[in-house]
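Shared chain: chain A. Partners: chain B in the first complex, chain C in the second.
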Partner chain A sequence: MVAEIGQFVLILALVTAFFQGTLPLVGAARGNQPMMRFASNAAFVQFAAVTGAFICLTVGYVTSDFSILNVANNSHSLKPMLYKISGVWGNHEGSLLLWSLMLAFFGFAVALFGRNLPDSLKARVLSIQGLIGVGFLMFILFTSNPFERLDPAPLDGSGLNPLLQDPGLAFHPPFLYLGYVGLSITFSFAIAALIEGKVDPAWARWVRPWTLAAWGFLTIGIALGSWWAYYELGWGGWWFWDPVENASFMPWLAATALLHSAIVVEKRDALKNWTILLAIIAFSLSLLGTFLVRSGVLNSVHAFASDPARGVFILMFLIVVVGGSLLLYGIRAPMMKGGGLFAPISREGALVLNNLLLSTATATILLGTLYPIFLDAFTGDKVSVGPPYFEATFLPLAIPLIIAMAFGPFLAWKRGDLAGVLSRLKFALLLALLLVGFIWWQQTDTPIMALVGMGLFAWLLVGSLLEWAERIKLFRGSLSSSWRRMKQLPRSAHGMTVAHIGVALVVLGVTASETWQTEHLGVMRPGEIVSVGGYDFRFDGAEAVAGPNYEAVRGTFLASTGTEKGVYLYPEQRRYTDPPMETTEAAIRPMLSADLYAVVGEADGKGGHAVRIYHKPFISWIWIGAFVMFLGGGLSLSDRRLRMGAPRRARQQAAASDLSRAKG
Partner chain B sequence: MRLRFLIPVATFAGIAVVMWYALFNLNPTEIPTELVSKPAPEFSLEPVPGYGTGLAKEDLATGKVVLLNVFASWCVACMAEHPFFMELKAQNTVDIYGLNYKDTPEAAAKWLERHGNPYKSTGMDLKGRVGIDFGVYGVPETFVISADGKILDKIIGPVSRAMFETRVRPFLNEVGS
Partner chain C sequence: MTRKKRRLYFVLAGMGILAIATALVLTSFEDGLVFFRSPSDLVEKPIPSGRNFRLGGLVEEGSVEKNGVLTRFRVTDLNMAVPVTFEGLLPDLFREGQGVVTEGALNEDGIFVATNVLAKHDENYMPPEVAEALKKSGQWNPEGSD
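Moving on, here comes the complex of A and B:
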């Protein structure tokens, strides 16, 4: 019964989305108020219907209703409840339903919070959102129906891929999707602006919070994914430049660029066309990611079961959405007038540099991801583009980006004073050089990239703090006046400082863990001790243990520096029964200074076990940094200006530009 | 001047055309070039108890084209290709060697006992170490091995009759002629 209800509300959602995607567009073109207002109501109904469908599928999973094909294929009655629930989106059909749910949710949020949006803009934004919904709901209903019945129902399900049975991965997709789908809102705003033929600072002010939210979710989603890879894949790596990882990283880079270019539109009324294009590209990359993962065109460890019919549908959808919006851009964008002029050395100039570097980075990653397909298509050669390419192309772009990140915020709008900024940053430069010098003095054969990385870390960290201190005139006046200034400083300014510091921490984590990692790979017998990274690891043997739906070999290690008691590590090698599969559960002792990381393998039959032990300095800072970036985004999002929408002055400007357009 | 605004859509059109072609004409699961026409990696394994004399790199260089099939008792898709392998053995079309992947000796022996043994000899890769050297990332996978023990091709997923005719038969004929 529950599956039939789910099926029914899903069809209802499709019908609603169809009208949401058409009527308000017509209404906005004709100036018909009721038709425009219909958009909000439809967004509510669509959200309610998709939520209903999602609840139905969840009920199917929670009650282990194996007469639903999707549940039978992906769940098992013995599975812990958390993973029964995460199983809802741990498969192709369910993850699409989650995607649609979020799409409808964002539409609902615009309808709810967008009270001060102009009627026609709101109607158009919701309409575009509805049209995207039509595409996804049709995809679900015609090619990937999660409510398909199975008759006769099996006695038990065939289980969830054990690799997915993990808290990190249970929550990785929802965050990632919130990010991907959040970009649909910016996309809808961009298309609505192209239809209206108008982009102004008020528009940028409406777009920025949505971009910020999507960016924040993407940041967390990507961080969770890499954290999962770090502890679950058992090799201590955390980023593999796998096509699926790239698929999430590209929209993130584009969203980061968009975040910054929207500031220029908001403050200076410039870079409008570029910002619109970025909004389209950011969402297109999200869709492209979906296509690459699910069509079977690229192979990846993360790939869902692929099906050519789905590939064709997604590609058609991609052509309509991306091709259509870029064509609209090609036709309409030339009519938009550019705004304020600025000198190359200025805040705008720095943000343009940021955008150039970020979009070049996006393009190189796109090239690396698509290159194997292109080469195969044109020459039939098979290659896989691996980390060497991505590191060789990404790092040279990241380095100037980080250098610019410290001085950009110091520059004035319109025309900045580079020499003045550099003199104010001399303290950061000094500290960076001191740190590099110290490291080199400690270890003269330090790789050059490690020195560069540590220098950039200090430069960005100190530079960001200096900029913040200057804004509140710290140590220039009394502490109380600084305190007052700090409270008056807009939250978005605090947010920027925090997010930039987050980037600095990621740089620290990446550089230190890549450079100073030590490891021991080999066979150990009980009682044996090896020394890794200043810690003595004693292997106390391994025993068989049983979990709810797996059997495991659990090793015991005691790690100590000799002076204190030490910590125990219990890595496991699990063998799941349904479906049969092995997973490695690394034991990790995260500390601020380093992670201790141990993996146990199978017995060698002579009393020993294959083990891998790593000492990874500062690696936790990668994820701490990502979280700090997320906090920065959240802080900026809570800025009153963004919450309240456009101030009056911007509205008047908008009205004025309307007027001038009417005259022209 | 206006044309520059059409650059994005033109770029995308190019990408879309290649994607379309890739979707219908390319198979990403084909073997990467690195392994093709390279000798099989060095290995030596114990047999599944009662099924052959074990398996090592040297056993694959037999003077004729043979198949190396990666299988496991827990692998459902292996059941799909198994009857066809039994048929190949009955007709003496090609010798098949079995690389038993991440299994237990008891389960593997029981599986072969119950369903029949299509293999000339077997080797147990209990830890999947050899599988890593061969680039195995799923079961079943089947390698076509040349007379001098080089890897000619790799088939991912169950081997069907049609797949055998198009991807294995040419190698067999080549040697025969």
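Moving on, here comes the complex of A and C:
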């Protein structure tokens, strides 16, 4: 029954989305008020309908209704409740439904809180949002229906991949989708602006918070994903330049660029065309990312052919969205008149540099990600593009970006004074050089990239703090006047400082863990001790243990520096029964100075076990830094200037912190 | 500064960064590109020793020899086989007769020294490249690979 209701409301949602996507557009063109107002009502109905469908599918999972094909394929009656629920979006069909749900939710949010938007702009934004909804709902209904019945129903489901039975991964897709779909709103605003033929600072004030929210969610989503890879895959790596990772990283880079260019539109009324183009690109990359991951195109071109209907639909949809919006852009963009002039050395100039570097980096990653698909399609050669390519192209672009990150905020709008900024940053330069010198003195064979990375970390951290100190005139007057200034400083200024410091911390984590990681790989017998990274690891043997839906071999390690009591680590090798599959559960002791990471492998039959132990200095700072970036985004989002334009953001942020609490 | 002049500056800056990016892409593409070969492919289109590539096929029955964390085995497409060594913890689903993709390079003696072994999928999964390779060698039997 529940599946039929779900199916029915989903069709209702499609029909509503279709009218939401067409009538208000016509109404806006003709100046017909009722037709324009219809957009909001339709957005409410569409949201209610998709929510209904999502609830139906969730009920199917919670009650383990195996007469629904999707549930039978991806769930199991013995699975813990959390993973029954996360199983809803842990598969192709369900994740698309979640996508549509968020899409409808954001449309609903614009309808609800956008009362102060001009009627025609609001109608058009909601229309575009409705049209995107039509695409997704059609895709679900025609090629990926989650409510398909299975007859006869099996006694039990085939289970969820145990690798996915993990809290980190349970929340990774929803956050990523919030990010992707958040960019749909900026896309809708961009298209609506092109149709209106008008972009003004008020438009940018609307677009920026959505971009900030999307960017924040993407940041958390990507961080959760890499954290999951780090502790769940048991390879000790956290980023593999895997196509799936790139698919989420590209929209993040584009959103970062958009975030910065929207500032220029808002403050200086310049870079309008570019900002609109970026909004289109950012959402196109989100679509591309979702589809590449969900269609399986990336693993093999032949997965594409295995379900031609899906592949063709995806291609058509991408062509319509990307091609159509770029065509519209080509026709309408020349009409937009640029505003304020500025010199190359200026705040605007720095933000343009930021944009150029970020979009170039995005393009090189896009090339590396798509190349294997094209090569296979045209020559049949199977290749993969590995990390060396991405490192060699991304890092050289990231270095000037980080150098400019400390500079930019010091520069004045319109025309900046480079020499003046340099003299104000000399302290940061000095500290960076001191740190590099110290590291080099400690270890003269330090790789050059490590020195560069640590120098950039110090430069950006100190530079950001200096800029913040300068704004509140710290140590230039009394502390109380600085305090007052700090309180008066707009939240977005604090947010920028915090987010930039987050980037500095990520740079620290990446550089230090890549450079000074030590490891031990070998067979250990109970009682044996090895020393890794200044810690003595004693292996106390391994024993069989049983979990709720798996059996495991659990190893015991005691890690100590000799002076303290030491910590126990319990890595496991798990064997799940449904589906039959083995996973490696690394044992990780995260600390601010380093992570201890142990993996136990199979027995050698002579009393020993194969083990791998890592000491990874500062690696936690990668995720701490990402979280700090997210906090910075949240701070900016809470800025009163942005909130006045649209009161909805405070609520959205509360939702974000609720989610992050739930995750922790 | 006039609008035109400003535009010129930014176009130049953009072109400069694009030129740098193109240079980066061209110099690193060759190293970053990792080809896939089945054992039979390797005979037809050999890859010089020292060059990284992916070798995929089935783990030959009876070929796995373990010595501590060093494992020797053979990757076969049931026509040809290539000896492989790997030092490290094998992935959870590494089994004789199962599909496997290894990444590494041939050494001077024609032994494939793997730096990475990928077999992290479920028991019924066959890496698509491997399935393709088996089809090509005429040994594809979807039921028979247990």
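Simple rule for what comes next: the second predicted complex is superposed on the first by the 632 of 664 C-alpha atoms of A that agree within 3 Å, B and C clash if a C-alpha of one lies under 4 Å from a C-alpha of the other, contacts with A are read in each partner's own complex, and residues count from 1 in each chain.
In this text, a contact is a pair of C-beta atoms (placed from the backbone, for glycine too) under 8 Å apart; a residue touches a chain by one contact, two chains touch by 3 or more.
Because the structure is a prediction, the values reported are computed rather than measured.
Q: Would you sort A:584 into first (chain B), second (chain C), both or neither based on which partner it touches?
A: second
Q: One more residue to check, A:598. First (chain B), second (chain C), both or neither?
A: neither
Q: Pick one for A:17: touches chain B only (first), chain C only (second), both, or neither.
A: A:17: touches no partner chain.
Q: Determine, under the contact definition given at the top, whether A:342 touches first (chain B), second (chain C), both, or neither.
A: Only chain C; A:342 stays clear of chain B.
Q: Considering only the touch criterion stated at the top, classify A:330 as touching first (chain B), second (chain C), both, or neither.
A: Touch status of A:330: first partner only.
Q: For A:377, decide between first (touching chain B), second (touching chain C), both and neither.
A: Touch partner of A:377: chain B, not chain C.
Q: Identify the partner contact of A:460: answer first if only chain B is touched, second if only chain C is, both if each is, neither if none is.
A: neither
Q: Let me check the overlay on chain A: which residues of chain A are in contact with chain B and also with chain C?
A: Correct list for chain A: 299, 381-384, 579-580, 582, 601-602, 610.
Q: Of all residues in chain A, which touch chain B in the complex?
A: Listed in rising order, the residues are 273, 277, 280-281, 284, 291, 295-299, 301, 308, 311-312, 315, 318-319, 322-323, 326-327, 329-331, 333-334, 370, 372-374, 376-377, 381-384, 579-580, 582, 601-602, 610.
Q: Spell out the residues on chain A that touch chain C in their complex, using ranges where they run on.
A: For this pair, the touching residues of chain A are 161, 163, 233-234, 299-300, 302-303, 338, 341-344, 352-353, 356-357, 360, 363-364, 367-368, 381-390, 392-393, 396-397, 521-523, 573, 579-584, 599, 601-602, 604, 610-612.
Q: Quick check on the complex: what are the chain B residues that touch chain A?
A: Residues in contact with chain A: 1-2, 5-6, 8-9, 12-13, 15-16, 18-26, 28-33, 72, 74, 102, 126-128, 137.
Q: Please give the residue numbers of chain C that touch chain A in the complex, ascending.
A: Residue list for chain C touching chain A: 1, 3, 6, 9-10, 13-14, 17-18, 20-21, 24-25, 27-29, 31-36, 52, 54, 66, 68-69, 87-90, 92-93, 120, 122-123, 128-129, 132.
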